[in-house]
Amino acid sequence: MATTPLAESSAASGWQRRLANLIQPIVLLLPSGLWLTLLLVAPTLLILELSLIPGFRLGQPAGSYGLGNYLEVFQPVYLQVIGRSLGFAVGTTIVCLLLGFPVAYWIAIKAPKHWRNLLLVGFVLPLWTSSLLRAYAWITILRPSGLLNTVLELFGLPGQSWLNRSPAVLIGLTYSFLPYMVLILYASLEKLDRRLLEAAADLGATPQQSFWKITVPQTLPGIAAGGLLVFIASLGDFVVPELLGGASSMTVSRLIYNQFLGATRNWGLGSSFSMLLILAVSIAIALLLKYGDRSAARS
Amino acid sequence: MSQTVVQDRDAAQTDTKLDVELRKVFKVFNGETAVRGIDLTIRQGEFFSILGPSGCGKTTTLRLIAGFEKPTGGEVLIRGKSMVNVPPYQRPVNTVFQSYALFNHMTVWDNVAFGLRLKKCSKSELQERVGAALQLVKMEAFARRFPAQLSGGQQQRVALARALVNRPTVVLLDEPLGALDLKLRKEMQVELSNLHQELGVTFVMVTHDQEEALSLSDRIAVMNGGRIEQIGSPSEIYEHPQTPFVADFIGDTNLFQGRVGSIYGSTLQVITPKGLEILVKSQQAWADLPSQSKDVVVSVRPEKIHIGASESGESINCYEGTLKHVMYLGTHVHCVVELRSGDSLTVLQPNQSHRLPELHSVVQVYWSAADCLALPV
Amino acid sequence: MPPTNPRKFSRLSPSPRFSVARRRFLQTSAAAVSGIVLSNCARNLSNNTAPSAETSPTADGTTATDSKTLHVFSWANYTDDELLKNFKDQTGISVVVDTFDSNETMLAKMQAGGGRAYSIIFPSDYMVEQMIELNMLMPLDRSRLKGIDGLMPKWQNPVYDANNAHSVPAVWGTTGLIFDPQRVQEKVRGWDYVWNNVDSLSRRLTMINDVREVFGATLQYLGYSLNSTKPAEIEEAYNKLLEIKPAIAAFMTNGWEDQLASGDLQISMAYSQDAIVLMEESPNLQYIVPESGSSLWTDTMVIPKSAPNPDAAYEWINFMLEPENSAKLVERLKFATPNEAAFNRLSPEVKNNENLFPPQAILDKCEGIAPVPQDIADLYDRFWTQLTST
């Protein structure tokens, strides 16, 4: 907080100003600081502690500290679950990017200006409904006698049976998180300096070359941010794999839920999974920040 | 103003090859006409400037040549080839943008190499040409930097190198020095001029800075309201403006509305509504001599006016007035004289203050009949 | 109010929170999802007419000091507005009902101190045992209970709580298969059908989303105890389950109803309570308890040690045990009561509903799910994770 020259030359005595300078940040930061400490830092530390007590269960005497919970994570069955979750998250991110980019590009660059907000609102509208309802809507669409097959039959196409399998999870996750991707990409594309595209064309780049050499690199921070958000959100998503994934729907988040609220109530193991999930997400964010910094230095 | 479209007779008469040709080009944006039927020919190797106030359509004209805009009517030709359906990336022109439009995610080197890489230039040739281009603009030491790490002048040089490295037929410059401070602008003007002479490439520059246009250009087109008012060499434009707008826009001038009284050979007598009688002598034959009773505008450059104490002894174009205002400009003194008629006159005198009468004193101003122009309205 | 028909709600909103559900463990995916946090489940069942509905306690017990208010923590649809109104008329005590959708969620909330407002809870059998172990339940003073002797003999001394020292059985039921007889290949008598028709079932079977129910049914099918603690038997059940994996569409406790009616599903494993409610609407469906047996579950009423208002809790239990009240509630909500005196007052139509009250021969094969040692619970959980992730 820089004191303005005006403040310095004002009649206010020195100690008053120093006091104000001391109090102001505290007053400004206290609410959010308390909030973060109470609701983010403290629970995370608690989970960290639980994760270091092998086999910790509420209501039972706690054992001694150890890394048993983390070692257990490396059992093949859990690795498989982690792999599946990562697969869904990566897949969703890619599909969202592939679907979201053209849409965001069209809204930000091609669509008439006065339509843009309307189009965006239309795209974000699904976010206003419960994710549970959206998942159920997809069940209605994807089930064997559902809307999709009815339409496919109408055109003489073979019916699909995606429900309760991975494709349904990908569809559901993509549907859930595509709006976020579009919003972030839109923000990024809207800021895109069109003169750069003209400059590229001027230097002999076809529209396609301009896209790959200018538009994509210029919006890379947006692509990274959108991709990361979708990745994190779909990695932690619980509803969609659970409702659309069928008999093989176990994901990390569900596994954590099971450890905390399921029959075994192994809070220690659940905590170690939580910590690993937090770690994975933190690494992803750190990568983004690092990348973001670099691109900020360039612009 | 119902004057006919300015014909670029001058250029058309010569045998020199043409690089850019605009034929009756119109451009309409959402019902607003930005360019109203422009005819323009730009010769090979020429430094051509399009000068005009903001909103006059000069940038649009440049963008029509570059291909970023499609003409609503008329035709753009480059080296005699119609550009009607040629997209920007296939035109043999390169642009230096007003804000440089450097690719901030690439190094200086990659920015300059961008065009050559697209043309699948061989590696060794690319190295050589990019190196040479950077050397040309004295930026070879900055090849590995990113644009954000450069000053405005340095960015300007990179933008120039990026355009020149492709050896375009025509280099288009859109207010190339507009973002630079005065000192740097002067420096870059010299460098631009040197570059142009060195390379012999056609430069087409858009600017609102008359001084820049006058000092750099071989020829200038003055635009106003989507039309070209006059095309000519800097001295022609300055000394012989053909319209009141050009006279007013280029340099300072004093304008008097009036009507042709009588004509004596090459000398006109113009009478203003306030009763001033001005004699105008044309050095060249009137292209279309204003006839009697025709409305004209008389233009007198401030530096052509003499100022003196009473009884200067002059008989023509000599008027009495009060010295209202004096402003020292260093080498010159800027005076405002209010004539008896009520007209206000701007006078620019060399700084020889001992000759200057006192403020608020009665003075006489006078100028030679050959030093003023009568312009058709 | 006519008999509650939650299916009407579930049409509008498939969220099973509205459906009459017999829920244990992690229950329906959706409900579990909605309760992903230590769900406060502060949905008031009698949300429009209960006089004190607006003062629903969420986490703390600040409203609980009022002796004229009783906070009840229950499964959905074990009470209705009429019951609460009658109770208030008779005792002057207002009741606020909050619901939970899994025993574990309820336990977590109570352990975390978020349930101090409640004086009555409805845990299931095995959870009663667990809560007794955790020393969370108030021993019941039998002298203050009226009508406890009217319970059916089977519930006079249940395995999970000797002599009902801490709990009073309130609702019971079975777990079985529900299907449309027109759509299956042959007569369905039990799990045989599933293992013999894996190809034709091809992802048109749903099973309850609960490790012990699924493994229990398989263990019984293999001839073992539903509560097996032998690792070899549990692994055998796991391998057996792998055989029918291609037939399983999903593990879901609720949410299969529409798809079963439309034929997208052929068979669903369901709690009797859910099946009965659905069959009210779709009489073409049939519910069976598998030949090999099923789980027999009991939901009870208990008073937690933290109860702020035990007097009102006793009033509530006595009111629920009162045969006339109980019988009327069963007629309205269609659940199986362990209260013999109430059973005797039921209309023949309800009394003879074999889905509600299966014949003794079937009941003999049913077992209650009993807690297993922790290492065995972990083993079940690991096999469950494996089963649901391959």
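Going in written order, the chains are labelled A, B and C, and every chain counts its residues from 1.
Everything below uses one rule, namely that a contact is a pair of C-beta atoms (placed from the backbone, for glycine too) under 8 Å apart; a residue touches a chain by one contact, two chains touch by 3 or more.
Values in this document were obtained by computation on a predicted structure and should not be read as measured data.
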Using CA atom means as chain centres, which chain is nearest the centre of all the protein shown? A
Please identify which chain has its centre, taken as the mean of its CA atoms, farthest from the centre of subunit C. B
Computed distance of Cα centres, subunit C from subunit A, in Å: 36
How many angstrom lie between the CA centroids of subunit B and subunit C, rounded to a whole number? 89
What is the distance, in whole Å, between the centres of subunit A and subunit B, each centre taken as the mean of its C-alpha atoms? 55
Within the complex, subunit B is touched by subunit A residues 193, 195-196, 198-206, 209, 213-214, 217-218, 220, 295, 297-299
Quick check on the complex: what are the subunit C residues that touch subunit A? 13-15, 25-26, 29-30, 32-36, 38, 102, 104-105, 108, 111, 134, 203, 211-212, 245, 248-251, 255, 259, 262-264, 374, 377-378, 380-382, 384-390
Inside the complex, what are the residues of subunit B that reach subunit A? 66-68, 87-90, 93-95, 97, 99, 101-105, 114-115, 118-119, 146-148, 162-163, 166
In the complex, subunit A residues that touch subunit C: 57-59, 75, 77-78, 80-81, 84, 132-133, 136, 139, 143-146, 161, 163-164, 238-239, 242-243, 245-250, 255, 257-258, 260-266
